[in-house]
Amino acid sequence: MVLRMSHYYRLVVSCPDRVGIVSRVSGFIAEQGGSITEANQHSDLMTGQFFMRYEILADSIAMDAETLKESFSPIAAEFDMEWGLSDTSHRPRVVLMVSQDSHCLVDLLYRWTAAELDCELACVISNHDDLRSLVEWHGIDYHHVPVDRHDKTTAFAEVERLIEEVEADTIVLARYMQILPAALCERYQGRIINIHHSFLPSFAGARPYHQAYERGVKLIGATCHYVTAELDAGPIIEQDVHRVTHCHTTSDLVRFGRDIEKLVLARGLRWHLQDRVLIHGNKTIVFA
Amino acid sequence: MVLRMSHYYRLVVSCPDRVGIVSRVSGFIAEQGGSITEANQHSDLMTGQFFMRYEILADSIAMDAETLKESFSPIAAEFDMEWGLSDTSHRPRVVLMVSQDSHCLVDLLYRWTAAELDCELACVISNHDDLRSLVEWHGIDYHHVPVDRHDKTTAFAEVERLIEEVEADTIVLARYMQILPAALCERYQGRIINIHHSFLPSFAGARPYHQAYERGVKLIGATCHYVTAELDAGPIIEQDVHRVTHCHTTSDLVRFGRDIEKLVLARGLRWHLQDRVLIHGNKTIVFA
Amino acid sequence: MVLRMSHYYRLVVSCPDRVGIVSRVSGFIAEQGGSITEANQHSDLMTGQFFMRYEILADSIAMDAETLKESFSPIAAEFDMEWGLSDTSHRPRVVLMVSQDSHCLVDLLYRWTAAELDCELACVISNHDDLRSLVEWHGIDYHHVPVDRHDKTTAFAEVERLIEEVEADTIVLARYMQILPAALCERYQGRIINIHHSFLPSFAGARPYHQAYERGVKLIGATCHYVTAELDAGPIIEQDVHRVTHCHTTSDLVRFGRDIEKLVLARGLRWHLQDRVLIHGNKTIVFA
Amino acid sequence: MVLRMSHYYRLVVSCPDRVGIVSRVSGFIAEQGGSITEANQHSDLMTGQFFMRYEILADSIAMDAETLKESFSPIAAEFDMEWGLSDTSHRPRVVLMVSQDSHCLVDLLYRWTAAELDCELACVISNHDDLRSLVEWHGIDYHHVPVDRHDKTTAFAEVERLIEEVEADTIVLARYMQILPAALCERYQGRIINIHHSFLPSFAGARPYHQAYERGVKLIGATCHYVTAELDAGPIIEQDVHRVTHCHTTSDLVRFGRDIEKLVLARGLRWHLQDRVLIHGNKTIVFA
């Protein structure tokens, strides 16, 4: 456990919009003496849904997280809220899944050592053994779970067992080139993050840079999204692009793409770990 | 007066940060039945200052703007607030000042006709007569106030008289190539917006694209800022850049620059007109 | 005819790649004493095709364009070239087609008056009469050709007649909301430029900003492309994007989109008019 | 030595512009049967200087690099060229210099293992011992050369000795926080590359992100440039920026900055290693 000068409570709320929500919630926080260090809110005028996120200095409130939750429950019930309250002294546990391309993995490992990602790296799971030495050098467990193309069931049972064993909060597909079983996607809904190497919805599926090259687009992109049972169709968290010209071959596109993928996945994951991403239907609210 | 389906009250507040501000303000709005359609807040942890902006559906409150202001005054006093409350049914009055380059003027006129800028264009003032026909075609008054380089006093007295006469809320220097007198800058502090054709603080002063060309930078920029008595040193509202290479001459830089200037000025002005820009020392909070 | 200090010959070549092309072409130019002010070349390693563009100071060669073409013909034949040689003293004739949205039209008219687009504006054709006054103020002919949804044949016969009458070199669909007949697309292949308001291939067809909003993408875009008989599927000339968040409604997307559309169409058209765009299958080489 | 399917000769030329250069050079290459896979040229109309870079398939020419150089010499003399011809089968030797921040180092090491940087990493020199384990894990020598602030001479003599010993072609200051002696800068002119953590010429010198925060800029940047005796004033190779808002603290700026620094340095170094960067006075031609 890292020693921390101060920790925070993060209150995240989604409910039908109506007069008085902010007043009620901020009033409750003020009654506890709570010092709000960051506040975001959003009213979706199309669907009438309201969203908010408060970051509250934990030391300013004379309650632990559990007691605070109990005290808040009646308000949540009154406004029909979906809500959560997290304590930053509990660092979320993350499982990274990779195949052979290491760029996202190397990038996330650096950011983790540089304290850009506030989480525990519970372990790395890969269908190849190539990246073991790199991962173990960082002091992180590496599990090689080969996927037999004729029987994927065994492999994904083992993957699921490992995820459960380490009590993962979040699973990151950091260029993991296998499709997860629908049941696993549904079980960990809103907790599995993928990086897709195209600007979705363009070029879903296999070999997106080759598809982009064939179409002659002038910008290529990458998309960080939550995984759902439907391939490359889940709620988008973040996207970015890179300019290309007729001079660039598919291998240039792949190379540029690595840089976008790294940045987009790192931003998306950081926001997710800080409870900044709220899912609303197949879209996201990102309080970045 | 344009017929509007609905109008809004905009409450903008800056005060020393302490527990309970949001609760008090949102509680007050809720008591009036006020429906908040957009809310932004920011705590500057370095200076301990708090900022907020609420957009409230006017029809949801059974008070006119003046009565609402009176009712809110005690809260403002209690928290030592600098604050303002505007009613969007009053459209701010804008004076545009230009010289000979028309790109920002053409752009702002288009945006105004397309309802992107929620304001009255009170008049255009220019030290040249070149753009009269364009402006008058849009049904806007054009005042030619030549500036004698040996006696600028007369000209700027006339400029000031015109600004007063039309009761301008905001003055926009849309590539006006004269330096305003310090006294005028101070009188209209926080209400004069300039577009400078460089990425400040680089290349302040004259011929910034030539300076940029000489230095061999790989991106050129433009800066929208509030005008203060010190040239090109006021609070920055918005900036953007455009990539250049060794292939580009100074005239290419000028051409690219026009596009950045147009976009940056238009964004900055739009935010200003919507009370989204709060000045804090020599910096801005922009609730974009 | 505008008086010009100097004019240029532009030689554009596409041929199967082999040793000695550049040597042969540059040798020929040098023999005539030709001063090359800009040169671009590209070898497509996938298809073995070679592309080049030379800009040559006309005064440095003691031949007019026709004579130069004749002299160059044997080399072109030897290397099996598709090629063209244009003289910038002939300004290409452009027809603009619009419907009711004026942003691209206003933008192109400004750029034309600012000499950013080196062409004659032959006329504007619209299926509405709304923008007549704006166009005529610029001294350009405006033709209102209404399109009857039950019989489009008559309208497009008239459109084609007008295009022929003014001897158009290039047709620009500057937010023209009708689909051109396939025969017209084919007849003017490589000479009709469209701006599509999405980042193709995403969101082809109708209401792309609404499609983008529904999918929850984090960047929206626009695409300038050559028109082919297949809707929104022609060779892409230029694209760009703008960041959006959950805060933005479809009307914000439409507003941001206007700015991207203007920039992307203006860049694409400028390059086309300067013979910088070479079509290769369904892709483009852009010597920008 | 890595096994390579094919290697290339790279011819880079700078000379006074005049008619016939391209013809003469391309004619010479064609006479040898040389297959040009990439060609770039640029005429600087302000200074009358001409620049070119050819990439030639080595196997297409029946000469080794030395013989080719000898054969080309008379042409170079005739046109008063500064020029160089490199053979990509010789990989340039690079020394990386770092202090304690590891982000650029981690990034360059990844790119080197991924074959994005075509060079030998001769060694890493640091004024701290912190990053030894990381570097040695990659199989690269690490030299800790502490710099005594009262006597820097000894340290830089040792640095220079190491650079000579490994026969470095290029030295990269990958966030090396000491100022190199002027004599060393001059000796390795055009061969030392630095990453400065601001958008130069803004915020030269110390703590640029703090300077940027104080000024309230809306974009922060990084600059890759050749090192000269004058601090942060050498020819710029590449720059890029990242958007910031009032929400961001200096530590956010530092964090965003790391990503820009990594990308900008990596691009600049890659281009330098591929002989794509030509220095012209205090500016660069970059045939990217």
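Letters A, B, C and D mark the chains in the order given here, with residues in each chain numbered from 1 onward.
Heads up, the rule we're going with is that a residue touches a chain if its C-beta (ideal position, glycine included) is under 8 Å from a C-beta of that chain, and two chains touch if they have at least 3 such contacts.
Chain labels with UniProt names: A, B, C, D = Formyltetrahydrofolate deformylase.
These numbers were taken from a predicted model, which means no experiment stands behind them.
Here C-D and A-D were compared by C-beta pairs in contact; the pair with more is C-D.
Note: centroid distance subunit A to subunit D, computed from Cα atoms, is 36 Å. In subunit B, the positions touching at least two other chains are 45. Chain contact topology: the protein chains form a complete graph, every chain touching every other one. Residues 102-103, 106-107, 110, 114, 116, 137, 255, 258-259, 263 of subunit C are the ones touching subunit B in the complex. If you check the complex, the residues on subunit B that touch subunit A are 19-20, 22-24, 26-27, 29-30, 33-39, 41, 43, 45, 60. Across the interface of their complex, subunit D is touched by residues 42, 44-46, 199-203, 215-219, 221, 235-241, 245-247, 249, 280, 282-286, 288 of subunit B.
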